[in-house]
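Just so it is clear, A, B, C and D label the chains in written order, and each chain counts residues from 1 on its own.
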Amino acid sequence: MVKILQIEGISLQFGGVKALNDVSFHIEEGEIFSLIGPNGAGKTSMLNCISGLYHPSQGSIKYKDEEITKMKAYSRTNLGIARAFQNIALFEHMSVLDNLMLGRHTLMKSGPFSGGFYFGKAEKEEVDNREHVEQVIEFLDLQEIRHTPVERLAYGQQKRVEVGRALALSPELILLDEPMAGMNKVEKERMAQLILKMKDNGITVVLIEHDLGVVMRLSDHIAVLDFGKQIGFGTPNEVQENPEVIKAYIGENVS
Amino acid sequence: MDFFLQILVTGIVVGSIYGLVALGFVLIYRSSDVLNLANGEFVLIGGYVCLTIMTASNLPFIVALLITLVISVLLGFSVERLVIRPLKNAPVISIIMATIGLASLLGGLVHMVWGHRTRTFPQVFPSEPIHFGGLIITPVYLWSFITVLVLLVTFTLFFKFSKMGIAMRAVADDAKAAMSMGISVKNVLAVTWAIAAVVAAIGGTLLGMINGVGPIMATIGLTVLPVVILGGLDSIGGAIIGGFLIGIIQNLAGGYLDPMVGGGLKEVVPFIIVLLILLLKPYGLFGKGGAERV
Amino acid sequence: MKSKKFLSLIIGLVVLVFMAACGDDADGSGGSGDDQEVTIGTLADITGATGDTGTPYSEGQDHFFEYLESTGGIDGLDITHLSEDYAYEISDAQRIYQQYRDRDGVSAILGWGTGDTEALRQQVASDQIPFMSASYSENLKDLDESPYNFFVAASYSDQGRMVLEWIKDNHEGGDPTVALLYNDTGFGRSPIDDIKDYAEEIGVEIVDEQIIDLAATDAQSQLLNMEEHDPDYGIIQQTWAATTTILRDADTLDIDTQFIGLNQAVGEGLIDQAGDLSEGFMGVLTHALPYEDVPGMDEYIEYLDSQDMTVDDINMQHVAGWVVAKVMVEGVKNAADSTDGEITGEDVLAGLEAIEDLDLGGLAAPVTFTDELHAGTEEIRLGIVEDGQWKAITDYDSYR
Amino acid sequence: MKSILGKNLGNYRTSYRADMALLNSRNKKIGMVILLLVIFLLPMFASNYFIGLMTLCIISSIGAIGLNILTGFTGQISIGVGAFLGVGGYASAILTTSMGYSFWIALPLAGIITAIIGGLFGIPSLRLKGLYLAIATLAAQFVILFIIRRWVSLTNGTSGMVLQRPTIGDFALSSNTSYYYLSAIAFLLSAFYAINLVRSRTGRAFFAVRDRDMAAQIMGINLFKYKVMAFAISSFFIGIAGSLLAHYTMIVSPEFYEINVSIQYLAMILIGGLGSVFGSILGAFFITLLPVVLNIIVGSLSGILTDLSHILSAFEEFVFGAVIILFLIFEPGGLAHMWSNTVNYFKKWPFSY
């Protein structure tokens, strides 16, 4: 297996607070990788470091052997790293379709000139990408709400659009921050199936999820964070038996 | 006469007026994140009202000023209630535009009520300049300087010790948290606007004694914006110090640079400073970084 | 929701009114009998930046036209006078100009300041509408550039030249030194180069120039700089507000320069604003002061009486407005004499250019226009403030 | 990059192309034809005065569309439009009058020069947002006008510069109607461009920057690039409007471009509808015609309120302010929103309730 992402000794500080403290793990290509830990453990901070919204004070991040630690967020997106946010960060005033088309941003080329006159290439590009977006719409079952502005959608639908927008990017690595939060059992199961399907299509998935049952079932590897420190890393079985992890999760049913 | 010292003193006294007007901006911004671009019109109305009371009746200056302040309180309350409160959750641009609209509305109103003529205040302070060694200051300027200092002390004490002042600070820091502590954010905002209008009216009265009261006075609202940016939108001390700084820099530029470039820099220099400040230190000298919630 | 509907209702109403009103192209219908018809439009600044001087000026015009009507008007001529406030805003001036030109079909326009005059001078030239304003800017004398612009008083440059001439003739002890104080606008800078050229020509030394903003709160740094050169005289090209600021700060700083204002700095309003500080201030008088006993005042007083007004209710700006209207009417009269048909802008142009040595009874210097010169006169008087009143100290005279 | 699904879902191209076309319904097509006919046939029916007013309205519309691209689409407030209008006007004046270029070259160049200068002043947007950016643009307004006043050798300083009406061969566009047609064509091109821009990749990126800059970055959008681009594109239109206006009035001077012009343009897009091309146009018409309408109303009331005409401008100022505030409070979506509500109402009619 090829390592698609290597995290080495990442530390992140806000003022005096250490949000991440010397975290290291790696993610293999094509796997489902989960980051777990109690609230405030630094999971989302870790994702922010990977997607470039935060820049760690120490350590390095390598994507496919390329050093990306200091790279700007938008450039990482160009490399094929997509991200779905925990607290939905959709563009509320735009339709589902436009949100998904925004996901295609890096894959399109038309600039303000060709776009403004909308002839030839620019139109073809719009149509081609629309086709791709329609696949995502089908994949996530969003046909009925294509043209609806996101702000009018129910929470669960928005969650799906959030994931869909990341998928529209045709990513190689997708970062999903609690995609199932607030969902009922049926919806959760559907999302789990989608995640497995992504894996089938060769996309590497990084997942943050509180429902440990789901995590254990889906993941190939898991990293456990607690107060910014990494306390466990390995396959679901290895993690489940890690005494430090059990300590951190005392009172919770790990299996 | 010492050229440099005289320029410096002029800068300080003019700056004290700037500081006073800037205070009106800062008070409002602190508690409601609103930049009141109608501040210049508040100043103008204050000046006109006080002047009208003084010329229409034979009341002594202090009484006229007190009545003016009462009217300003009403103006502040009604503006807050009628324009600002309905726009509580509106985006920044709407609120900027609302205060611009307010400026236009009040400006039109002033024109309709008081006409176009520049009017002069009855003599309140002696016009004979005071000499300190070689330095010369007009009494009005001296009074405005004193007023600014008094207001600065008053506000510092007010925010430290009075119940309303503490509530205002709490709202400025975090309106939601303040609300959960039982502070009525609505009332605090209304009082803030009233105080800002009062400060503006004092500024208008002093400025009116210097230059007369006429529609052109409202431009002080824009002139003072650089002061607010320099000092930081949320810092009261910053407004005062920014006022002095801009006053001094402006006069130094007028004194030393204007002869070199053929004049005219004096009026533009504050805005050049603004561009520099915004590029180098976006939240001003004393503002809290990231305080802006946009 | 109620207010929303209210808002829509208002907007609907506004649209309706607009549609209804824009339909007709009112080319001055009505009128009586066989009279020739002519419409003159005024662009007035009442509520704008120069409203303090603009208001009496436009009232003077209104009053002259009312006076004319009350005396039965001019035989065979039906003059309609329109006036609108453009608040010294160019976009408004542009709009009102279009309205005058296209809707009201005016044959001449009485303008006001430098802003509107400059903004419209190209258009009035191509539309062939004479435009007479109170912007006495020398560059309007260039008939290649501004063939349809007129003004009745001496240009700012001529005023400045005359002031220099006076300084040269009257200064005692040594060579006089002069400073120029003006603002950074077209109006402020208009005479500066000409004044400097003329000073060199006649050998008066310009030792300093200072720019003071129209809305300046203080002018101390400028005056301190000026004081370094210690000029004997300071020529002020400003409005009343800035002039007051200069006089006040000069007083504060104990500066003993004799200030002399060009016409916009002069007038009763300055005395109102500057009070005692104006004592001894000198200035250019382009028109008569209302309390002067000159023959031209007679008809003026006759009109004021009919309105229950006295000369105390008017000022020099009012006289200037009255005079400009009078001159314009004279041009229209000439135009009417030379044509039987419709009086066009071109006719008025010719009519104005036919005015020669028009005696204004002392209200202003006699006015002459030719097809080479649209500045009515070069003559001014100089005055000084004494006991809270302007007093003329010279007769009408030109620098030549 | 991999496709998320292996299978081909069939060819949707024809239907998408139709779905994404600008005029995707018969009604829209008919509406468009009628609109074009009205615009081009108007001079045959309307008075000269009306055509003149319409010219002012459509030139303002171009500027308002420009400002809306910056403020409405991208969320960056600019209080410096007046000065940028001046840059366009002066660029055109210098190119035609001082350097002798033809208007037809000067017009696009004026747009490009304004775009470059606008882009430069957009650089602070990297670090500034909201209020602070607004103040920076306000400062730009004062600084640019100061430069125009002072660079006498280039701009002729405060006296302004003279321009000529454009010519086609020997025919000068000196009549109201001919200049109206020129402006109308520029206006239609601008509107066409802006409408397309909104629904293309760049436009979507602008909206993304406005709504959530963080998420926009994650979509691969270079915030700085798009913010500066918005400044440049917006300034291009404002420059074009400035140039058209300058050749219309045939003169430029610093007094044309004071702060109140900036405020008027802001009012246009706010009252018209932020982020709406159609709204920009409605707003430009509204603000340009407001004084005309007030004038008429006051005129018709003059029998009852004789003194009002003297304070007409003050009254205008008052109403201008009141209208802005009323719109902000009661109809933040602006005229564009009111329009679509009305259209929806009639679509459902007679079942509106």
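Here is the rule we go by: contacts are C-beta pairs under 8 Å (C-beta built on N, C-alpha and C of every residue); 3 or more make two chains touch, one makes a residue touch a chain.
Keep in mind it's a predicted model, so treat the numbers as computed, not measured.
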Interchain contact steps from chain C to chain D (minimum; 1 if touching): 1
- request: Could you run down the chains that neighbour chain A and chain B together?
  value: D
Message: B-D versus B-C: which interface comes out with more C-beta contact pairs?
response: B-D
Centroid spacing, where centroids are CA-atom means, of chain B and chain D in whole angstrom: 33
- request: Indicate the whole-number Å distance between the mean C-alpha point of chain A and the mean C-alpha point of chain C.
  value: 72
Message: Need the CA-centroid distance for the pair chain B / chain C, whole Å please.
response: 35
Message: Need the CA-centroid distance for the pair chain A / chain D, whole Å please.
response: 40
- prompt: Which positions in chain C touch two or more other chains at once?
  reply: 46-47, 184
For chain B, residues that touch 2 or more chains besides their own: 111, 262, 264
Task: Give the residues of chain D that touch two or more other chains, as numbers and ranges in rising order.
output: 149, 311, 313-314, 316-317, 329
Field: Chain pairs that touch, as defined at the top of this document
entry: A-D, B-C, B-D, C-D
- request: Name, in rising order, each residue of chain C that touches chain D in their complex.
  value: 3-4, 6-8, 11, 14, 17-18, 21-25, 46-48, 84-87, 89-92, 94-95, 98-99, 101-103, 114-115, 118-123, 126, 139, 145, 184-186, 188-190
Message: Going by the contact rule set out above, which residues of chain C touch chain B in the complex?
response: 46-47, 49, 51-52, 54-55, 184, 209-211, 213-218, 220-222, 224-225, 228, 240-241, 244-245, 248, 251-254, 269, 272-273, 275-276
Statement: chain B residues touching chain D in their complex are 35, 83, 86-87, 90, 92-94, 96-98, 100-109, 111-112, 222, 225-226, 229, 233, 261-262, 264, 268, 271-272, 274-275, 278-279, 282-283, 292, 294
- prompt: Tell me, which parts of chain D touch chain B in their complex?
  reply: 71, 75, 77, 79, 124, 127-132, 134-136, 138-140, 142-143, 146, 149-150, 259, 263, 266-267, 270, 274, 311, 313-325, 328-329, 332
Message: Which residues of chain D touch chain A once you look at their complex with the stated criterion?
response: 1-6, 9, 12-13, 16-17, 20, 22, 192-194, 196-197, 199-205, 207-208, 211-212, 214-223, 229, 233, 275
